[in-house]
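Across the two complexes that follow, subunit A remains constant while its partner is subunit B and subsequently subunit C.
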Partner chain A sequence: MSAARGQVHLWIVQRVTAMLLAVAVTVHLVTILLAVRGGLSAAELLGRLQGNAAWLCFYAVFALAAGLHGAIGLRNIAGESLGWRGRGFDLAWLGIGLLTALFGIRAAWGLYAA
Partner chain B sequence: MPTPERGATLEVSIWRGGAEGAMRTYQVPARENQTVLDIVTYIQRELDPSLAYRFACRVGMCGSCAMTVNGRARWTCRTHASRVVGPDGKLELRPLANLPVIRDLATDMAPFFDKWAKAGGRFQPKDAKDGAVPEEFAVVPPTSKQRREADAGIECIGCGVCYASCDVVAWNPDYLGPAALNRAWTLVNDVRDGARAERMEAVAGDAGCHSCHSTQSCTERCPKQLDPSASIAGLKRKLFWDTLLGRRG
Partner chain C sequence: MMDLRPRSHPTYLAFLVHRISGLLLALFLPLHFWALGSALRGEEALEGFLRWTDQPLVKAAEFGLVVLLAAHLAGGLRVLALEFLGWRRRQKDLVALSAGLSLAVGLLFLLDVL
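Moving on to the complex of A and B:
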């Protein structure tokens, strides 16, 4: 795959994750507003998330989108302001994005399987 | 600036030198009707014949007299002094940004035109790959969507104002820039052209349309009121769907 093609793929991933985040962040904020009405407690969180595959899916997609979107954005900033360009940097940013996403997914799994 | 009094002068500071150099100040008579190019010409003819600058038509057709006027890229022939000289009577002229300076106000436009070529800016007739004139005229309905897209960008005369105004060019020297990408989009929409696939590959990626931040300085400053930013958005949109739908080959 040519370097330019890989760059286009990163661009597309960032746009698509932006679309997902627009929905996911809205759901997230509405959930926060509703959840705190009855007082925020660990029991309530677990009641909602434990064993609930729909919430697990939602947070897994949310974390993946956030991790990739953020890392690709940082890649662009680093390229323009620090001159960090090239395949090595791209792979490193992709790794950072996936790692960040993994932390989020692990947390979601922890609540699901708790 | 109000109508200048008789005998009033303008304080014009001009970049002298190449990449290294300094500003030099000249006193130029203020006239009721004078363009910035008139001022530069006055300095070169009456005060300092060693001043280097570039112009040709003087009427906004050739695009060769663009300079940085008070920090902003403009055609000097179409910029009336009264629009840019402040109440203090001061004017600052520098060569176009983002291009190597040859001397004084003259920049080397080679990188600009090299990128134009790199973006596939040359029309490649579909019916005559060897560059021969096709036997029949192509019929392109003026109201068709592609014709309207091509018409929107076709009037570019390659003055480099957008290129000098683009932050992304300053950050990434490989970036093709607004003019070259606008040209590419014009040809992508030209139904007579036969090199669309190669051109789309040439404008993809970090050196191409995908680095554009859509801040639209190019559109804001284009003396022809073209919209390179919209052309770049068109390229991005097309590459997005072509990639997702596997149409790029």
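Moving on to the complex of A and C:
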């Protein structure tokens, strides 16, 4: 894969995840505003998420999109500010993004299976 | 003297806000997932973490994060509209709308937790 094609792929991933996140973050913000009314408790949180496959799917997609979007954003900033450019850095950022996403999916699983 | 005119334009300010909010949110994401992962250790561990977040300083930080997330969302929607829908006119109005939405979400969060 040429460097230019790699750049295009990352740009596409960044925009596709941005579109997914536009929906997911809106849902997340509305959920936060509703959930914090009267305080947040573990029982309330687990009552909503425990055993709920729809929320698990939502948070798994959300975590994947957020992990990749954040890592590609950091890659762009590091490239511009620190000169960290090239295929090696791109692969490292992709790895960081996927690892962050896995960490998020693990947390979502924890809330589902608690 | 350096010409600062282009940098005083609202869209430059919007670019800065988008970049800084994105950077901080990307750095916060692993911490967020780590904290939510406390659910993996059971309801009691999750409840213990949630009670820790009741501290005023943590609530203030949460308010900041909610505003950053709303600002990054609103700014991101503006960028997507610019890139994919070609909404090039009235950029100043769109920047003001993004800023207003972010602050409104932040204020709603404060009203909920106070």
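One rule holds in what follows: the second predicted complex is superposed on the first by the 113 of 114 C-alpha atoms of A that agree within 3 Å, B and C clash if a C-alpha of one lies under 4 Å from a C-alpha of the other, contacts with A are read in each partner's own complex, and residues count from 1 in each chain.
In this text, a contact is a pair of C-beta atoms (placed from the backbone, for glycine too) under 8 Å apart; a residue touches a chain by one contact, two chains touch by 3 or more.
For clarity, every value in this text was computed on a predicted model and none was experimentally measured.
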Practice task
Report for A:R85: first if it touches subunit B alone, second if subunit C alone, otherwise both or neither.
Solution key: first
Exercise for the section: Decide which partner touches more residues of subunit A, taking subunit B and subunit C as the two options. Expected result: C
Exercise for the section: Go through the superposed model and pick first if A:R15 touches only subunit B, second if only subunit C, both, or neither. Expected result: both
Practice task
Would you sort A:A3 into first (subunit B), second (subunit C), both or neither based on which partner it touches?
Solution key: first
Completion exercise
Going through subunit A, the residues touched by subunit B and also by subunit C turn out to be 15
Problem - Footprint of subunit B on subunit A - complex, ascending - result: 3-5, 7-9, 11-12, 15, 76, 79-81, 85
Fill in the blank from the handout: In their shared complex, subunit C is touched by residues of subunit A numbered 15, 18-19, 21-22, 25-26, 28-29, 32-33, 36-37, 39-43, 45-46, 63, 66-67, 70-71, 73-74, 77, 100, 103-104, 106-111, 114
Problem - In the complex, subunit B residues that touch subunit A - result: 168, 171-172, 201, 204-208, 210-211, 236, 239-240, 243-244
Practice task
Name, in rising order, each residue of subunit C that touches subunit A in their complex.
Solution key: 19, 22-23, 25-26, 29-30, 32-34, 36-40, 42-44, 46-47, 50, 53-54, 66, 69-70, 72-73, 76-77, 79-80, 83-84, 105, 108-109, 112-113
